[in-house]
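First chain written, first letter: the chains are A, B, C, D, E and F, and each begins at residue 1.
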Amino acid sequence: MNLMNAIEKLIDQALEEDIGPADITTESLVPLDSLGSGEIVAKESLVLAGLDIARKVFERLDPDISWQPRYRDGAKVTTGATIVEMFGNLGSLLSAERVALNFVQHLSGIATLTRSYMDKLGDSRVRLVDTRKTTPGWRVLEKYAVRVGGASNHRIGLYDGVLIKDNHIAACGGIKTAVARIRQRISHLMKIEIEVTTLNEVREALAVGVDIIMLDNMTPSEIREAVALIDKRAMVEISGGVTDITLEELALTGVDIISVGALTHSARCVDLSMRISASDN
Amino acid sequence: MNLMNAIEKLIDQALEEDIGPADITTESLVPLDSLGSGEIVAKESLVLAGLDIARKVFERLDPDISWQPRYRDGAKVTTGATIVEMFGNLGSLLSAERVALNFVQHLSGIATLTRSYMDKLGDSRVRLVDTRKTTPGWRVLEKYAVRVGGASNHRIGLYDGVLIKDNHIAACGGIKTAVARIRQRISHLMKIEIEVTTLNEVREALAVGVDIIMLDNMTPSEIREAVALIDKRAMVEISGGVTDITLEELALTGVDIISVGALTHSARCVDLSMRISASDN
Amino acid sequence: MNLMNAIEKLIDQALEEDIGPADITTESLVPLDSLGSGEIVAKESLVLAGLDIARKVFERLDPDISWQPRYRDGAKVTTGATIVEMFGNLGSLLSAERVALNFVQHLSGIATLTRSYMDKLGDSRVRLVDTRKTTPGWRVLEKYAVRVGGASNHRIGLYDGVLIKDNHIAACGGIKTAVARIRQRISHLMKIEIEVTTLNEVREALAVGVDIIMLDNMTPSEIREAVALIDKRAMVEISGGVTDITLEELALTGVDIISVGALTHSARCVDLSMRISASDN
Amino acid sequence: MNLMNAIEKLIDQALEEDIGPADITTESLVPLDSLGSGEIVAKESLVLAGLDIARKVFERLDPDISWQPRYRDGAKVTTGATIVEMFGNLGSLLSAERVALNFVQHLSGIATLTRSYMDKLGDSRVRLVDTRKTTPGWRVLEKYAVRVGGASNHRIGLYDGVLIKDNHIAACGGIKTAVARIRQRISHLMKIEIEVTTLNEVREALAVGVDIIMLDNMTPSEIREAVALIDKRAMVEISGGVTDITLEELALTGVDIISVGALTHSARCVDLSMRISASDN
Amino acid sequence: MNLMNAIEKLIDQALEEDIGPADITTESLVPLDSLGSGEIVAKESLVLAGLDIARKVFERLDPDISWQPRYRDGAKVTTGATIVEMFGNLGSLLSAERVALNFVQHLSGIATLTRSYMDKLGDSRVRLVDTRKTTPGWRVLEKYAVRVGGASNHRIGLYDGVLIKDNHIAACGGIKTAVARIRQRISHLMKIEIEVTTLNEVREALAVGVDIIMLDNMTPSEIREAVALIDKRAMVEISGGVTDITLEELALTGVDIISVGALTHSARCVDLSMRISASDN
Amino acid sequence: MNLMNAIEKLIDQALEEDIGPADITTESLVPLDSLGSGEIVAKESLVLAGLDIARKVFERLDPDISWQPRYRDGAKVTTGATIVEMFGNLGSLLSAERVALNFVQHLSGIATLTRSYMDKLGDSRVRLVDTRKTTPGWRVLEKYAVRVGGASNHRIGLYDGVLIKDNHIAACGGIKTAVARIRQRISHLMKIEIEVTTLNEVREALAVGVDIIMLDNMTPSEIREAVALIDKRAMVEISGGVTDITLEELALTGVDIISVGALTHSARCVDLSMRISASDN
């Protein structure tokens, strides 16, 4: 599912579930040839993401809409600012308004939260990444919003990266067998990451050679010890229990990558509104 | 889109976007006939919603899974409690884990937040309702979670309820014309709601006879005045700027209905984890 | 499923099932660049409905078609009149002809029959409505044709209106419980209709307060008695056994609404033909 | 689109358009574990078609339904007879009732009308066939119902049979070229039919050799003349203006095939009802 | 599934499976507004088929592409020749390249092989046809490529032609019953073909009258004997074991039709490459 | 698109395109309750791939089929051997036969060709991989068949691996910028491969540090020189112009990986047949 298709599919579903058989109110009251203008306004400070999707939503109902954005995805928008102005069929503006806003408020929420994490990291060379804790149906869109916010993506799904966990190891009888077996199966373009919870497991992983070692839910001091032990022989990722409060301390432990589920699973929507007015025509 | 179909569609998309061509790690390392058990555990106190969807996710990959839930949707679950135990093909448990959790954590987040609003309302006879500010693709599921949390639904979309806003009125030249025209078009099974921002508009609405008057973004004292003016001749709904802090005061103004977008647009996911262990077989 | 999507879906299916792998005859015999003109002609007097769908059918095969309608949906067209003239690729006109006509003849059949019922009602203030007895896959289109014919729609489906029947009552132990329970569940924008067969049930329904009472299969005299009993405390609908012969008498009983399944389940297609001629080019 | 897939697709659409987000009434009032029985009853004399589709509709909502048909497709059912008895989840019976009946009443309507035409033909060796004047989305189902009624199918669509019309001939410069060209293109398993309106065209067609000659809208005496001229060198089909009144006379003209659009485009639905009763459980 | 829809569906799938969530390399490295030109070059001598599909692939990613073909489907292209030149968005050219080539190399492979068989047949009046041994999902496209190569199609599928095999005969008790029964069921536009393996079966088939007799896996001398026996009373098709070596001999046996599965199941892709260069803009 | 979904989708399309509205012959001649047995037989020596897909094809038409395979995917099957025996509804066996065989003959063709390349490589430590030159719609299936044949997969598509080509480099102004920029964008789980055509480019690539260097269309002696230059600082892949004749020589040049498009684009189908016989029941 690529980004463009995922967007089109979600737009279809969103219009279907919102408009259903008909927007009865608008269909009954707004003459088919009425024109109007609209603007989407930020009701709070935010990092914009998903604006082009809003455009596509309106265009599905009115291909002739005129769309004049004042910001692009990634821009910081202050409270009260107009994000985009549009002009076109009034009924279409009214019928598409809610769905369009629902997309932008959701994705901008993720971009805004991500940016706040990035700001905390400041000049750190640590890479902040997301997880697979995303809203079903929204994976590639939410991962896009994370990039808009300035962070990086972990693997998109179970297919474009290898992450060996304890159950995988148990199921094939040890780290050594696991790593050997998967190296056979995967494309030579993929790296191997392994999740560990103890220093002993770190040593085992180093012995067989992996590309990335993920330290799961370790304390800052354990992390520092692991980093020293690994000594650049693999990249180091930490995961679990990272919050906006602990982030800065963890970034100083020497790890390469910090993954944070909250970027996608705990972002609330930003507050947007749309002002519509009928044209005197 | 009914609830059952919406769920099946989202499950399909979610598995597709997460597993894609293959769960390479699991496919490579876990023998096809390995068995295992799993349990979903609450990492915080929550109101459960969407558990049956998790079941369906696992069953898509392993129809023979054994599923033993300890709670039902709507139950309050305390930190550390096991929500469900399951047993079946180990590879399937590992491949479906994340998608299953992503559903339950999202819907339980909404149910949990809704319940906390309901608790604030206590014995009030006021009806708490949601809005159309939902995640695209998730409308009927999120509205279900709101009901699980104890609140009621506003209309599902633009097709199953009439809500006349200022632009609708402007487009057809006045409240009187608008109400007359829509009464012609809609089924005799539907009521008419109108959104107003001033007491004058309240008077106009009462003059033509509508079923529900929505007071948009009024202060508590304006609301009280409007309620007195309406005097049971229509139901009264308030909307806009309702928070968990202002809720209790607003509930005392005499209105019938309070709609709160935050129930769906600002709920964060609850924290769940899944423990999986391979069986000795 | 909104009207626009329902139309597009049906057009796809219709072209697929008619053309399949190829319109062998036309593909073999008509040069790709041949042009032609066509006109759809009424072979009997009719009320037009669905003309824009015919246009969409042709445009699917030939986006460059020129389309000049002489009537709009809702117009009364007399025998022999040309409804629309078109000009474009000859092969496309030939391949799309049958499917386009199949849409218009079906929907105009419903609009024409509905108009004849409306004519019988004359100046009566009674509302004539359709039922859910529609052709599977065609619900919103056939309900549209009913509106084109001048009548109103009952609920679209089971989701946008409440109609409590005897089995619903039996299943929850009485009218009182049923009405109370459903009032909890439904949006405050919906009314409640209940189906009754005896005057006693009418009394029970009035006691708990419902919005509409449907009298099922009652005789004119029973209906008059029920109307007197209800005395404006609820709207009154009659259903069952209404024909074009009994309609006028029933309209005089004082009821508000008459629902007639025949509008959709017994309309025959109107007779249309299409004249195509190759251009000398 | 084969029959099985076409049925499944239409069932999906039909349930979607009827139930939509939810059957609010039933969902609110009927306990999830209530059981009930139902029976479909003929309210008029009819030829049954599509009963298995009704079964599939119920099974979509309740796979455990017990289904005991008393008739099979093709059977003549008298007024008042019970067609099928069923037993299962009460809510499912109530929610699926209307859609199930909508299928059977439509297809039985076609089978019943077709049978009445066949009865008129009596022992005639003439083959009665349908046309492509079918309800979009229903082609293979309606053609099935025609067979159930005892008649035969013309081609299913534009892909499984060749029918050369005047515009095809004009577009390639004459009957001779047309027939030669199409013989090149089509599979050796297909015959060639040509539509003519004059005896001169009949002669041209015979000269180049075609398999079937369709006489379009000719009078009985013209038809007789054409039949004599053709003299078994091709099959003869007549089309246009055939009614239940003219059928018998036309059958005596010596033609092989009579095609009648009314079989599908003018059949009204038969009258069925479903009686449901809750079980005492 | 008609050719146009089949193509669009396959293009969708092909882009989805190749690009998936994103063409990471191109998306990361090629500025969104870079332009470029490309040309598809024949790396071996070939008969071109499917060029318009390549165009559609590029247009899906870049509707503004300029496309200048130098050859049309059916043309013989020599090694080193440029088949088409194009100009447009550089990223789109790079992302669509592989999928576009995959279509053309596959279909041209079939057309090229078919042409080589046709060349062997020379002026023979024998009709060379394909079989149903095609790549699943590609039936109508591969049959199109066969026509491009100069041969004819056998039936497209099981629905547009009748071919009675031994098991069909056994299942209904003899050739006579089989032929009578199927004549009842099929449209009068279809012929009947029967597969036989012995001269006795040929005689039985002739006795009941069929349109085509298929001699399955007979030797040249048996074929000659059968042809003599049939003596123009039916068309004769041979099938099985036809290779480019035996073709010429078999064509001299007097049969009408030779079907060759290898045309579709054993054609290898032709060798194409695409040269892309960035524009200096 | 995962393997399971890709298979189901292709099976649907394949049955749709082959059976269409109906398998007329079988439907007309084989009684609905006839039973039969079948066996798939190898008509040449082959490596089996895709047998489970054949099973799914039959099960779509007859869920009760009994299926007794004698080989598993990956097995070498000799001429004349029975691959699987089955028993079930005769009509279903006849209608599904061709589609089922079409899958197995195609995938086994790839597996068989791949195995022959692997046999040539013998004990070499070189990794043989496929390319993206696959049949549109078949990517994950054909890559599966390559693994069954014993070789490895290159990336599945443009999304799960990075391969920088000359145009990518040109578009962003040099190897150094390109590598830096993509490292920012991709997940830390991915490696970077770069395609080069000269030793100078090899040096540039080594200077910035990449994971894999692909030598495009170099001669054996150039390859040896490049391998020496790279000296284990990156993996080395060769691509282009590899045939079953040059393979052995190239494997001795010291490269790590050889990619061969022919594995998928030039494999012909293996020869299978199915013997069906009706049961005496």
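By our rule, a residue touches a chain if its C-beta (ideal position, glycine included) is under 8 Å from a C-beta of that chain, and two chains touch if they have at least 3 such contacts.
Computed from a prediction, not measured in an experiment: that's the story for all the values here.
Q: More C-beta contacts across D-E or across B-F?
A: Between the chain pairs D-E and B-F, D-E carries more contacts.
Q: Half is the threshold here, strictly exceeded: which of E-F, A-B or A-E has more than half of its contact pairs identical to A-C by residue number?
A: Matching pair: A-E.
Q: If you fit chain D onto chain F using the CA atoms, what's the rotation angle, as a multiple of 5 degrees?
A: That pair's rotation angle lands at 120 degrees.
Q: Using mean CA coordinates as chain centres, what's the chain B-chain C distance in Å?
A: 33
Q: Using mean CA coordinates as chain centres, what's the gap between chain C and chain F in Å?
A: 52
Q: Roughly how many whole angstrom separate the Cα centroids of chain B and chain D?
A: Chain B and chain D have C-alpha centres separated by 45 Å.
Q: For chain C and chain D, what's the span in angstrom between their mean Cα positions?
A: 22
Q: Could you tell me which residues belong to chain E and also touch two or more other chains?
A: 1-2, 16, 19-22, 140, 156, 159-160, 162-163, 184-185, 190
Q: Which stretch or stretches of chain A touch chain C in the complex?
A: 15-16, 19-22
Q: Quick check on the complex: what are the chain B residues that touch chain A?
A: Listed in rising order, the residues of chain B that touch chain A are 1, 6, 9-11, 13-14, 16-31, 34, 36, 90, 94-95, 98-99, 101-103, 105-106, 132-140, 156-160, 162-165, 167-172, 178, 181-182, 184-186, 190, 265-269, 276-278.
Q: What does chain D use to touch chain E in their complex?
A: Contact set of chain D toward chain E: 2, 127, 129, 152-156, 159-163, 184-185, 187-191, 193, 211-212, 235, 237, 256-257.
Q: What residues of chain B sit close enough to touch chain D in their complex?
A: Checking each residue of chain B against chain D gives 1-3, 5, 140, 156, 160.
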